[in-house]
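Once you scroll down, you'll see the structures, which are given as structure tokens.
Okay, so chain A shows up in both of these, paired with chain B first and chain C after.
Then we have the complex of A and B:
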């Protein structure tokens, strides 16, 4: 067994859906309704008013990730894939269970987080790099490389609101692939740009992998998963349905989806 | 063995993520590790604000001057309230400056968690950075507005005194007060969107119970202690004392007013920090 990178033990995540507008209005409603609800309960009757509804987005998830492993995560919409990545990225906390991180995590849950339309490409590289956890010195050092990779040299001092969506995505993605993560978390962000740019990005991911980085990636593209990941976890309705070699899990999942339709 | 909250664990550092209950520790070390992001966010807020307006930095002068004129007309001319022996405009401008810093900080930090929603739900960083950067973003405007004060001091022959040396401390007090209130408002605004609508009204009310248009000595003697529970009283009178060298003719000495303000300000800041940290873990799920 190699060294552990991530250990997840019985992780569950509960979301409260607030009804209506939320906030004061709901609070007032809850207060006003409380006596009626109480009376109804006394009569043994159910009430229509629920202050909030709960969703278990993850149920009892456990898995180990080793150093340098690349893991794909698949599952239908709403299966809990993003929620799992958000917990590993420290954006939200688990409601039950625990996750131990043995390495530094960099997450890319969205392309261009924190991009500001009024700022130039150059300014956004600094801002976005900083959001992604890069040090100023690191951004300075990689600046030229990022710009070259993104293929937008000529527009680097133009506000990004004037970029085409392709340019915008390429710039944002270039910053992200120049992170030097120990663990890299990706949520459906690999399909950016034209075919050439996508190939370049996948190559960059391959380089990261061979340099020993650990990668967890959510993708709806079975080929991306097969190419980049040895192992795949299939989430269904918040629980792990299957965890094994990518080829096998992806095949089973495709069959499951086909049969369902 | 377990470095519980370190943002970027060292090579052998281990981070444990588990449900949290009750009060969280402040984890200022995490904040320190992300200090560059505080700088970048502050810088972004300033640059974007100036790029979006035609007059840009000129607003940092136009705003306080217009406010000063309105206050001078209402409190100086119509209500005929004194200005501690100084020309009304300079007396009121010296209050409009720290007031502007405070009210702008409330406005931006109050809605800061919502305006930065896309980042909060997509990337980890200590959330405290957001209200801190919104408060710091006002400092540049504040410094620019000094130019007008200098001009007025020159025009009315008000010479600076050694009190000026204490100015940085007064500015820190102003920022502390703004941050404390800002922390409460930004966290509450995630829970209750209505805060966004209450905020302008609240700021307007605070303006009238702060010595911006008038002097604290106008307030009846026995009310002065109660009045100075508003920490902006100490900030504003302290600012006038530092830049104009005047002490309000209050029953309670200026030092006591300042001490009360410092105390109240610290209570708001510390409680705000803990309240914010406690609410923080639900932000990403709720905003």
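Then we have the complex of A and C:
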């Protein structure tokens, strides 16, 4: 048994789907409508005004992740994969249960978020790095490596709005994997870019893994999962359907999807 | 390839359901001071990237307002302004109002404006509203120079110990504004059309503060109502410094203002923190 990196205990997440999301006007209407709805309910009649509807995006999820493990998460659209990653990344909080992080988490849920088009590549490296919770000294220490990996040396002082989309993605990816501390979380970001970039980023992931990083990644590409992850968790309708060796889980999942179609 | 290892200094983090009231975590904010610094730098860079226009816009706004009110209230209505011309009387308080309303506006809008990064990345959300205070203070510095220019032209300015009071007044003003900004920022999470209402509220707040008129034109028995607005006393104090009008602000009154502003700031921070975990879900 290795040391724990992440422990998830009975995590559930509820979302409210509000009609006419969050406006003052709608709220006033809701308040004004409330007595009428109440009266209607007293008469046992159908009310057309539902203030909110709830969705359980995650139901009672529990699992442990150890140092240096690489875990793939698969499941159909809407299964709750992104929600799980968002909770681990501390972007949103669970409605029930809890997750404990024993290592520092860094997440890349989307390439290039937090980039400011009007600022130079250099400025963006510092801004992005500090959004990701890095200290100035750490960013400085890694700066040259980031620039070299992204192959944008010549344009480092050019505003990123003049970058090609390839340059933009290389820079964003480079920041995340270089500043990355112990746990890296990726939500379908390895699927972007041209073939060359994809190969390079997969290589980088392999490198990170062999150096002992813990990785959790969501991908629709079964090969990516098989190549990079020893273990895979299959989410279905917010619950864990299967958790085990990648080869077995991915096979079962593919069979399930094939049978369903 | 070397990953920065800091396991030994990492205390486990628990991610649990939000409680009803959450308190600001100053230690964490302090850890993110680098982000605060780069956000402030970003704002300044972007603002002054088109140097001439950026700078012009900052001094044009008070100048335009000043001209309008000068014509209507100074020339046509002839509002009494004591020992100074109307335009200076107006400007001396308007730059304070600008600082105040800019902090509130920018703080309240900072969440919506940075929603892209909020839903993709964790950081204490409070750095966003807090970072706006510095840009507002820089703008204030520039409009302050403008006021100084007018004071020099009309020979009202004199180097004086009074100006030592300005930093104290600025602290009270920014803490007060930042608190209100945090409150509105939190409300913005729930009500997205709050933005329009905020503009309206600030407009009325400005009219109810003796900025374009002296408090003396308000009947004496109603003046106390105006002083319920902490900005009224603050504006008085600023005018005492800039224009040598009115009385020396009383120490105990300033202290009370500071305490009220601080209490307001903490309330704003608590409401903001309690609301911030909803941001990523509702946006």
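In this text, the second predicted complex is superposed on the first by the 258 of 261 C-alpha atoms of A that agree within 3 Å, B and C clash if a C-alpha of one lies under 4 Å from a C-alpha of the other, contacts with A are read in each partner's own complex, and residues count from 1 in each chain.
FYI, a residue touches a chain if its C-beta (ideal position, glycine included) is under 8 Å from a C-beta of that chain, and two chains touch if they have at least 3 such contacts.
Predicted model only: the values in this text are computed from it and were never measured.
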Taking chain A as the common reference for superposition, should the pair chain B and chain C be classed as clashing or as fitting?
clash
Which partner, once the models are overlaid, touches more of chain A's residues, chain C or chain B?
C
Does the superposition put A:213 against chain B (first), chain C (second), both, or neither?
second
Quick check on the superposed pair: does A:258 touch chain B, chain C, both, or neither? Answer first, second, both or neither.
neither
In the overlay, answer first, second, both or neither for which of chain B and chain C A:154 touches.
neither
Looking at chain A, which of its residues have contacts with both chain B and chain C?
15-16, 18, 21-25, 27, 86-104, 107, 109-110, 113-114, 116, 118-119, 123, 126-127, 130-133, 135-136
Taking the touch rule as given, give the residues of chain A at its contact with chain B in the complex, in rising order.
15-16, 18, 21-25, 27, 86-104, 107, 109-110, 113-114, 116, 118-119, 123, 126-127, 130-133, 135-136, 159
Per the touch rule above, chain A residues touching chain C in the complex are 15-16, 18, 21-25, 27, 86-105, 107, 109-110, 113-114, 116, 118-119, 123, 126-127, 130-136, 138, 141-142, 180-182, 207-208, 211-213
For a test of understanding, state which residues of chain C touch chain A in their complex under the given definition.
1-7, 10, 12-18, 31-32, 34-35, 37-39, 41-42, 45-46, 49, 116-123, 189-194, 197, 277, 280-282
Chain A contact footprint on chain B (complex, rising order)
8-9, 14-20, 36-37, 40, 44, 47-48, 51-52, 118-125, 191-194, 281, 284-286
